[in-house]
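What follows is a pair of complexes built around chain A, which joins chain B in one and chain C in the other.
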Partner chain A sequence: MSKTDPGGASRRGLLAASAGMGAAAITGFPMVARSQGRRPIRIGMPTILSGRVAQLGISSRDAVLMEVEKFNAEGGLDGRPIEVIVRDSRGVPAEAARLAREMISDGVDILFDGEPSSGGFAVHEVVRETGTLTLHINTETSAMSADPKQRFWNAFRIARQGIHDSIAGGVYAAEIVKAKNLRRWMTVSPDYAYGRDTTAEFIEYLKYFTPDVQVVGETWPKLFQPDYTENVTRLAQGRPQAVYSCLWAGDLVAFVEQAALYGLFSQSQYFAVNMADYTTLKQIKQLPRGVHSGNRYLSSYPAQPTNAAFGRDYQRRYNNYPTNWAWQAATAVHLTTAALKKVGSTDPRQLASALRGLTIDSPFGADGKVTMRAEDQTLVGYAIGWGTTIPAEPYVEGIKTADWNQITQLEQEWKKGKGWA
Partner chain B sequence: MDLGELAACMGSLPCVITQVSAGLTIGLLLFLVASGLTLIFGVLGLVNFAHGTLYMLGAYFALSAYELTESFLVATLAGTLGVAVFGLLMERTLFRRIYGADVLMQLLVCYAVILIMDDVVKIVWGGDFLKMDMPETFRRPPLLIGGGIVPLFYLVLFGITLAVALLLALGMSRTRFGRTVRAAAVNPAMVASLGVNTSFVFAAVFAVGSGLAGLAGALSAPIRSVVPGAGVSILIESFIVTVIGGMGSIGGALAAALLIGLTRSFGSIGFPLFTEGLMFLMMAAILLVKPSGLAGKHLA
Partner chain C sequence: MRRLSGWRGDVLAALGALLVAAVLVLGLGSNGLVDFIIRFGIFGLLVLSLNLLIGTAGLVSFGHAAFFGSGAYAFGLLMQSGGWSVPAAILAALLWSALLALAIGALCVRLSEIYFAFLTLAFQMLIHSMVISWVSLTGGDQGLMGGVPKPPFLGIELARPTHLALFAAACLAVSAVLLRQVIRSPFGVALRMLRDNPQRAAFLGLSVFRYRLGAFVIAGTFAGLSGVLMSLYVSGAFPTFLYWTTSGEALFMIMLGGIGTFLGPLLGAATFLFISDRITAFTEHHGLFFGAVLLLLVLGLRKGMLDWAVEAWRSRRERHKA
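Right, the complex of A and B next:
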């Protein structure tokens, strides 16, 4: 046994330990996890935790943590728990890509990309190079999985997809067009990949089912634009019978408030695909009645006990409502843990192989199940429905469920048209 | 590009009224922020990159005051005076140390203020977007003036901002304080030698400039999302206004802000895919013809 100077050694030791703990606290480096015999499965997650859409990012993180906790409580993967490392990208694509690189170099096993399309494509390019198993949980732009050039073995989309919503929306809107003779349309959508693509796809399917519809004007506010007056007056001048919008979250709330001042909701029928999400529904103080919306997340739809239970558990735990990003994040955990159990390890190639074609029971499935479609590594089978808003719970009524057979068939034709199938 | 639509609008009185009223409202709100920016630059020589933060704080102060009192007047006053006091404190403790400093030093200090205040806002109000209720008085169908659509709330915004613009112009040109401020902007040493406390003048100017940004934030809180970092986008537009108008000129800022507002308003009809670009194109064109801006002094 060696002898040491007790006074000096303890002071130095104390300083060293303090410095180490301080560094750990500052960097968030999971020292404790590393020291355990069974190394945790580490999932890195860049998402938006501050700014106009923070509520969505926060709900995405919270849903992941809630579902991971259940998995860990059941013993994890043969005793290995999942550890989630979440960082705030502030909605800046370059920052999301930087965080993804940082997490990968820190040795995460799996990446949950919690960015919308604006940042999702930036992260996509990072993991194309690194080969990290990545689940895009909030990117809805169809091209990410539909375009073969964007597809590679380690990237999966576990989110709703623009083309699916557009086909479902087109079918629903066509019925209303026929019933109410709505021929003059205008659009107001955010000016970036998701807004442009999704709007074009919706109009394509609206015209597919009702060819005599005319788009008489369009206006494209920037993502996170503070003021929508010019867009609102443009709509007011166009005097459309119907308006389509895929604005979302805080942008949609600000737009609705400003459009209400101009009385637009009494002039035209509104089809706002992203309205029926609690993040929006709860923030708009006087929700207009009768706005047509697709379901983003509603605990009442799909009307399954497991979905209602998910909504209840989430609300009890966080004193807030889940969002569209929450169900997608929860589904990412469900699919990942199912694949982990199937493979028994974190080998990315084996996990990717297990994920391809994987079908699981899901609270959010149209028929109680969702599938990670093998051919383009994207989620299918989730519940899609359109209905009209009402100012109180359950906020949307008369929801008509979309037919996945029709969606799949038209999606395939759409891909062929693009030269992607 | 939809020039036919634009021509049709210009030939229709209701359309012109709607677009002009919207453009003036956008422009006047922008003027409130830009006038503070240009006032501070003109008198103190400080390029206040943190000016957008003051706008953001005005919105948050107003939001909290409205939640407590449900009074739009109290909310507006809280946003204006709260930010004026905050600006005064910042000037006394921080900004007065960088008057006349290199622009890079000013940029560094302002950037630090932006980051710190964004985080403070997240700690106090949370990172999520918030919304101030539209006061019940203004929740009514829009007015139809000459066939044009004008929301009541926008008329109120228009009235308040126009009144502030006139007060500012009169205050600067007709009052003793205004004359002192203008003199201090040109030659502070001479003004100080006449027994005027220029340090007080500078602090007062900074407080007024801050209050204007706070007022803009408070007035826009019922119609825009209140969110950390909200100052950045308004700052960019304010700089465009300041550059077009001429650095340091309040009259120039007013003209430029209204020009921007009308460009956005009519641009959304004629150039729906290029509204943003129009703004920058206009800035480039004006700077080519007059590099010092509409009302700026000739550059040496």
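Right, the complex of A and C next:
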């Protein structure tokens, strides 16, 4: 090593000093500012704030903060405000589990698990051991609450569920099939567990209502695939009368734009379960007319003033549109605050007991209400509807609302088939 | 003094470190510290095993997470199947990792430098794809769900974080002593010779293939043990365990701590975890801050932290002598 280079030595010294100062700054920061007076109710929330799914995680956090602010402005729980601690898991399940543990160690009263299914199950196992009251707000995998082995007293799901969407989609598609005589079907869905499971469940219910439907071809693009030429060509060659897809967000945008170039939307009826979400609708340059889609989040559906107000407030505050993760997060706050008011404390056993079977007025309910079903501690009664796209606001028209009695009955049969009921 | 410089000294140092960990875990009772010790045990073991390949054998593996992940999946699947005790499942998972390392190593160690690195990466991604595709066994991209049962054994309840922290620390301490003996043994000396001059070693009659394969299998087995601990920690196994980013993180921990000293990788792992945790705690822009801090450390030191410290101490001592 040279010892006659004063310039280099001083630069290194400067860098080392900067690194030292940086480290000191990091370690010196208090984690959360302690508030004076009555101890706030603390909610910990690991979610994805960076990477490809960041937009959803950010919308989840934003919706929680917006609704918590309203609760605090109204005086909180007898003067106790809610304090939310949000941390970025970067979509890594082990990091989500670590953050959950860290938040529990720091004494949070309630955990809002803002992870999708992979991280959600990791957090689920942490809180199974710690007994922390936990609301999973983005895990759509049905098994989390449907499988009795996954259930325990302190975990609740406040999110839509794959099986509910599949039944609702199957019922809606069967009506179109009968009206337009669509027998030849193809599917184009992402090649991972969610894509394969959701597609299989949709086709199962489609055939349940219209047994003579035939699936003549399947094509499975990879997750985050940039080019869909191969899949579009396959669909064009198969000449199906109808196509089902559970591609989502950026992948669905890329697929729709490439498929439109080949005129596929004029040749077949398209059923895209995840189309009606602003993350997709706003991104597609020329939204094709007549694509059948289930609602993820729309401020126009359910057509309630409270839902429109939620969409408007969110947009005004964040200069962005809410997503499916946003309404779920807001519902988590609504149910939690309702339970807190009912119990009057943060005792987890009492809160869990209050949440079980709790029905509240909701902007997102099929009939203005949502319920935390007691038997499997999962959300029911939220609005599920299917309609067709139009190129301008409100983007989806003619939405038909799914019948929850039918969903519940078929869900029960599905559970029996799995040995879960 | 001389008597303490061999394996006895290593055992004493490991016992001392274990005692400190026990005091921290049981005495302070901080959950955050308990979690940190568990993760330090996991990643410490991973980087020590990887440094046997990089630092001692001169083989830069980009695919070490393959054994980390396979250990986690093997252990998780065995425990979920029921009928396995924790020690039996750990031994079976280690055996599985060793066999996998033997099979992959037999093909990889014939190559060296960048070709070796990329072949290990290719095998890792192959296993990652298999785990993603074999949904019925592994749960695909959603990982091994449903929790990993942890029935108590010999009074140890791994479902309790304090027990898991002490168990992880004990695994790390025992493994560190064993790995140190491997490095000190004639086998380790031969590996260093192969690293520095493989032609000369071959000329002297050493089998380059066998020695490198031996190192690869040992490293893979210890990586499997760290995977087992990870599976216990998160009560599951996920495809990210087998992804190249996990291998990349382990490599970075080693580069940060230093490859030239036995304890360098451990210092790197502790620093990496500490900085990462603190940054997550105060900002949502994790990558930006983490990258900046690491950049400053790397640019400032220009080598691993412990390597830098040892070199600075030696040059200072020499100056004093002069």
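What we mean here is this: the second predicted complex is superposed on the first by the 358 of 421 C-alpha atoms of A that agree within 3 Å, B and C clash if a C-alpha of one lies under 4 Å from a C-alpha of the other, contacts with A are read in each partner's own complex, and residues count from 1 in each chain.
Convention: a residue touches a chain if its C-beta (ideal position, glycine included) is under 8 Å from a C-beta of that chain, and two chains touch if they have at least 3 such contacts.
Small disclaimer: the values here were computed from a predicted structure and weren't measured.
Of the two partner chains placed by superposition, A:72 touches none, neither chain B nor chain C. Of the two partner chains placed by superposition, only chain C is touched by A:97; chain B is not. In the superposition on chain A, contact of A:49 is made with both chain B and chain C. In the superposed model, A:261 lies in contact with chain B only, and not with chain C. Using the contact criterion defined above for the overlaid structures, shared-chain residue A:105 touches chain C, although it does not reach chain B.
Of the two partner chains, neither chain B nor chain C is touched by A:315.
When the two complexes are overlaid on their common chain A, residue A:128 makes contact with chain C while staying clear of chain B. Once the two complexes are overlaid on the shared chain, A:286 sits against chain B while remaining clear of chain C.
In the superposed model, A:237 makes contact with chain B only, not with chain C. Within chain A, the residues touching chain B in one complex and chain C in the other are 49-50, 88, 90.
The residues of chain A lying in touch with chain C in their complex are 1, 12, 15-16, 18-19, 22-23, 26-27, 29, 31, 49-50, 86-88, 90, 92-95, 97-99, 101-102, 104-106, 117-118, 121-122, 124-126, 128-129, 141, 143, 147, 149-150, 192-194, 196, 223.
Those residues of chain C that touch chain A in the complex are listed here as 30-32, 35, 39, 132, 135, 139-143, 145-148, 159, 161, 230, 233-236, 238, 240-241, 275, 277-282, 284-287, 289, 292-293, 296-297, 299-302, 315.
By the touch criterion stated above, chain B contacts chain A in their complex at residues 2, 5, 9, 15, 18-19, 22-23, 25-26, 29, 118, 122, 126-129, 131, 133-134, 138-139, 141-142, 149, 151-154, 220, 222-225, 227-230, 233-234, 264-265, 267-269, 272-273, 275-276.
On the chain A side of its complex with chain B, the touching residues are 49-55, 58, 88, 90, 217-220, 222, 224-227, 229-234, 236-237, 249-251, 253-254, 257-258, 261-263, 266, 283-286.
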